[in-house]
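Paired with chain B in one complex and with chain C in the other, chain A is shared by the two complexes that follow.
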Partner chain A sequence: MGRKKPSAAALLFIIMVFELSAFVLLSLRVQPIDLGAILFGVMMVGVFILQYALVNHFFPYIDRYILIIANMLAAVGLIVQYRLNPEIAFKQAGWLALGMIAMVFALLGVWKLAVWQKRRVTYILAGGGILLLALTLLMGRSAGGATSWFSVLGSTFQPSEFVKLIFVAVLAAVFAQPLQKRRLLLCFGFCGAMLGLLVLQRDLGAALLYAGTFLILLYVGTNKLSLVGLSLIGLGGGAYASYRLFDHVRVRVAIWQNPWAAYESQGYQIVQGLIALASGGLLGMGLGLGAPNVIPAYHTDFIFAVICEEFGLIFGVAMIAFYVIFIVRGALIALNAKTRFDMLLAFGCTSMITLQSFIIIGGVIKLIPLTGITLPFVSYGGSSMIVCMMLVGVLQGIAARNGQAEDEMLEQMEGNRP
Partner chain B sequence: MILQKRNIRIMLTVFMALFAGLTVYLAYSVLTYGERWATNPYNPRIASQKSQVKAGDILDRNGVTLATTDAKGNRVYTPDAQVRKALSSVVGDSSGMTTSGAETFMANYLLGFNDSVIERFYQEITGAKREGSDAVLTVDSTLSTHAYNLLGNYRGAAVVMNYQTGEILASVSKPGFDPYNLSQYKGDTDNEDSPLVNRATMGRYTPGSVFKLITAAAALEYYPDALTRTYTCKGELPVGETVITDANGEVHGKLDLKRAFAVSCNNTFATIGMDLGADRLKAEAEKFGFNNNFLFGDLLLYSSSYKSPTKKSDLGWSAVGQYKDLVTPLHMCMITAAVANDGVMMEPKLLKHLVNVRGYDYQELKPAEYGRPLSAKNAKTLQDMMVLAVQSGTGSRARVAGWTVGGKTGTAEVSEDEDVSPNAWFVGFVKDEGHPICVAVVLENAGSGGSKAAPVAAGILKKAKELGY
Partner chain C sequence: MEASAYSVLAMIMQYWFIIAILYILFRIVENAMAEYRTHRQIKKEIGKQFFGYIEIEACDVGEMQGRRYGIRKENVFGRSKRCEIAIPSAALDASHGMVVLRGKKLMLFDLSHAKGVFLNGDRIEKQAQLSDGDEIRAGNTVLRINLER
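Let's look at the complex of A and B:
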């Protein structure tokens, strides 16, 4: 506990002012004033500050910037959800609260439990992940063109979200150990099975995300460019095969090339997204003054277009910058890690968030073909929110281990002094 | 772990590059295409804003109101039905049935989308109904109506531009529509015969001999002795299995480039085109804006196309504006303007300025250069050739007393069928820096350019002179 950190009070204050003024604006939309909005905003800010203070107090080694940014992005999400539909914002706030708890559990689990590298645990995780995805395919219900939802106890959840954690943990465990043919083949088989199941579920966004994370961890962990090249060829072949085999993949590519040609049908969503971006212009239409409801999936996949429409291009770029800071902090945690497993686990989580935000923002602005996944921390969705917060928890757990190890080293050095 | 850490740093750099790409692409696409996307008729915000915002007026350059909003919020157009029809292609309609008019294309100004946050906030707290800006266009409604009437019973288009500034003084498309009577055209928006299609900007016509401007410019550029070379026109020029002919089987005999341009000799220009080759001809056409996606701030202009022929005879035909050559009347007017303006092509401008709610003018027209397709010297030579074509060539009916007019006729074959009359073209300009006017006219299936289109152009220029341009 030797090091003193500079206070983040100023930063938190600015964020608080932004969030509260947004809710005041939202409350002014109706006559008489919607006190619920202000109450919601005050409670949200209160919970954030409380959570920040508590987490900081009990886990002094964590990376505060990651926490602040995750909270900030979640707040932007809640503001937009409330503007779109207060009912959804209340639900999302519930998911966020669960996510905060899940984050603490993930933090503790990574920090205190040293089981994640054990071979038996890896096998169990890998088997469980495949089983979950296979069960979804067999018994799941479909939403938005993808069969990736699973109904348990009356509420639906999306296993491919939770499997992300499993996927990263398994890959980190495999690549943390010396290269071995049998292990590598098993790992390739595991990844192939995962990707195949996701493509069969038509969850192309998740497939892309998993494939990208796999490639990154393979490269970082093994440093074998030949393996990366081989996997790239394999994945490219798979992508081409699915392009030839599946109609929905071809449609995605075609509407990416020219969404305006199919405005009335498949291109509608992208076109409306682009129009929303353009209607916002540099400074935005103003909170509550846009017409985002015309974009399908406005509160999930296309929330970035809604944000740009109402807050403007400048804020959209700022959102991208928030993700960049998050990514840099995540990479720093990986670089400070004391073991290979910690390092790969931290960088795997960082890569997940990176790729996920890149794939969906890039899809919405038509830089790459659109595949429906959520914008981390911002989009509406319980599974997504909880898993994103758990990814933060894992990162923080490793940060805590790093901090603890460094402190122990400092103490040792002081003890050695004559 | 050193290697792994290095790899993490490399991946982090890749991530940074990805996100930089995201930012640049986002900013680039919104700033470049944003206005086009926002003013798209598919944008439901335009319709929904209309109930909340009082749309601004549309005025012509002299302050004549072309469209306004009455106290009940209904759109009111100018009372004279003929003026309404003549300006329909420029003004458009407020229900979004036409895609290129000012009502749609400038909706972001008219509905105040471009207002600053402060302006919006001010209007919000004062409780006044929000108002958009007024748009003052560059067109002259008197000249436009006159041009529209001169087109007579033919379908077609006419465009008048100031070749020094690019201001569009008139742009008419016949048949026009009456914005009060739109329901009759429902479901007819994609039909190319529909009055809702703005022929001046969206009509892609075979240019015929007006394309010789470009072939002549290429000859001047690539042949040092272009003006002294001579050609012999025997009326028929066999190329492979086909024969390139002149209109009405005329035989021009021995002639030079200037004379060939004045009498519009297909034989000569096809020979030049085949000698230059497809690549050079295509490059020349592209310098003048063919095959280019025009992205102008004030209006939507469809692209013109020049496709490289592989057969030699097709190359010959493409050099005289047949084969697959296609051009819009406004683009043809821009090409003429580039020649008239000593080689500098100006961007077409339709917005003179905007007037905000409090009466301040802003976004004043700033002339912008589109390109320099030919040298000043070659442009001047081409001007002389065009003047000769009017004084003693096919364009003689375009003469205007008191002005030196230069021009080029075109008679574009549009069908193999002998009974289908060709489209008549005329492009021309006034050789006088004090009256920098140029004009392009096309009349569908009217006959020869010299006899049908040239008199219409002359009539338009006379009216422009009368109006003091």
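Let's look at the complex of A and C:
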């Protein structure tokens, strides 16, 4: 089908040069030259181009720009992580590779399989999700005050990440069908259970994320502001209740309002983050010249502060812009979707990724209370990277479906020429 | 490299990094918008011509079942390969019938010699007007009209 696409060659070229130049700079940071950095840079660029070429070749209908943005963000993440500690960069590269494979699986799963909408599957998924979170609550190890990690195969595994996929799939399946009281109530119950479990696990960031995605899908799916209003009241009540019941929540709100008062203890992280942002100014201090190690969780939650300190605020705003473009592309895929389920699934995935980025960036710049979630694609974190890539895979799968359906329609337009 | 030299280099590179990422951002937006515009054009083309489609709901030729044909100005169906909707069924005449788009109206014409064309169960005389969801039977083939709203 003669669908002409503007060449992305110039774009890819600049990205390659960008990435390589950053690693070359990093290699010069020590004496003697760290050839490992250059090697790593070359490898990462190679993987990027390879993945782009392969995916583009085998799946011609996918959204290239989402792929490019995800890779770009991951590249920036890798650059900063190498700067912080080459070890974590290597690990993250491994997670990225796994993530790419997972993305392809997710893509195929959504494109080729039609099971996700079936009632039985939805119930199984919902039950599985609740079970997974409940298990984490009971068995998990505490890491940074949130009982959300447990060890599988020697590396920590964060189930609330994978449950994201389940959550989106279940909600999309529910709202794809016409409104029905019983189903809606069951759905509310499911969400309530998930949110409750997350709050109990003190994973407030995830709770906020799931709540936001739920509201978005609720509105897009049912189009009834009344339901949305009702849910908002419910969620607001839940938030207030957790504020009264849980110390952890109170602390977060307190340090959000005035981190300077608790500078030595709980407010330390936010304050250091803010200082880092300010130190960077618009142009940044220069790669490798900042002082990120004073910020707790500098390679995960606060990576945005590290990036802004060294690359500057203009760069930081550009990154935010990437996430905004992500929303637009994701929404386009959703609007081009041929079935309601596809549309809701696309909106769900887009919301998950972009809401998450806004929540953590908002927390770092003290716009909203800080929550412990990662910056998609950029932060160090295996589960986070894999799940985000899978969400992208789902979006690509839906895009593939769209493209295929449109090509089929076009073919039919040709009909049966004599 | 010495620390001071590195500092200078890093600061210079900063300008490059910022320009690069802004350029990348700009290009992504540009390219995406161009692609979107081409895509919109294609969809408009489809939309303009896409009045609806005719679906083969049932046919004694198994593999024809489920096939859909976009409705064009003239849609002749029959056994002949020259038809827009060519159905290799012995129960059909070479040119059995025709669906014609006249302005906003969709008309059905009987071109068969004796076999006849049936609209929603009733045999039509020469021509009849079609609406969304109508069922056309010719020989052992059932065609369904689906119109875009």
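Definition applied: the second predicted complex is superposed on the first by the 414 of 418 C-alpha atoms of A that agree within 3 Å, B and C clash if a C-alpha of one lies under 4 Å from a C-alpha of the other, contacts with A are read in each partner's own complex, and residues count from 1 in each chain.
Keep this in mind: contacts are C-beta pairs under 8 Å (C-beta built on N, C-alpha and C of every residue); 3 or more make two chains touch, one makes a residue touch a chain.
Bear in mind that the values here come from a model prediction, so they are computed numbers and not experimental data.
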### Message
Looking at A:Y65 after the superposition, I want to know if it touches chain B, chain C, both of them or none. Which is it: first, second, both, neither?
### Response
second
### Query
Thinking of the overlay built on chain A, is A:A318 touched by chain B (first), by chain C (second), by both, or by neither?
second
#### Entry: Which of chain B and chain C A:I327 touches, first, second, both or neither
first
### Query
Touching A:T354 in the superposition: chain B (first), chain C (second), both, neither?
first
### Message
Tell me the contact category for A:V121 with respect to chain B and chain C: first, second, both or neither.
### Response
neither
### Message
For A:L283 in the superposed arrangement: first (chain B), second (chain C), both or neither?
### Response
both
### Query
Which of the two partners, first being chain B and second being chain C, lies in contact with A:M409: first, second, both, or neither?
second
### Task
Name the contact category of A:R29: first (chain B only), second (chain C only), both, or neither.
second
### Task
Using the superposition on chain A described above, determine whether A:I15 touches chain B (first), chain C (second), both, or neither.
second
### Task
Starting from the residues of chain A touching chain B, keep only those that also touch chain C in the other complex, and list them.
283-284, 286, 289, 328
### Summary
Seen from chain B, its contact residues with chain A in the complex are 1, 3-5, 7-9, 11-12, 15-16, 18-19, 21-23, 25-27, 29-31, 33-38, 40, 42-45, 48, 113-114, 116-117, 120
### Message
Using the touch definition from the top, list the residues of chain C that touch chain A in their complex.
### Response
1-2, 6-7, 9-11, 13-18, 20-25, 27-29, 31-32, 34-36, 38, 42-43, 46, 49-50, 53, 68-70, 72, 75, 81-86
## Note on the structure
chain A residues touching chain B in their complex are 216, 219-221, 223, 263, 271-272, 274-275, 277-279, 281, 283-286, 289-291, 294, 308, 313, 316-317, 320, 323-324, 327-328, 331, 334-335, 340, 343-344, 347, 351, 354, 358, 361-362, 365-367
#### Entry: In the complex with chain C, residue positions of chain A that touch it
3-6, 8, 10-11, 14-15, 17-18, 21-22, 25, 28-31, 33, 65, 68-69, 72, 283-284, 286-289, 311-312, 314-315, 318-319, 321-322, 325, 328-329, 332, 406, 409-410, 412-413, 415-416, 418
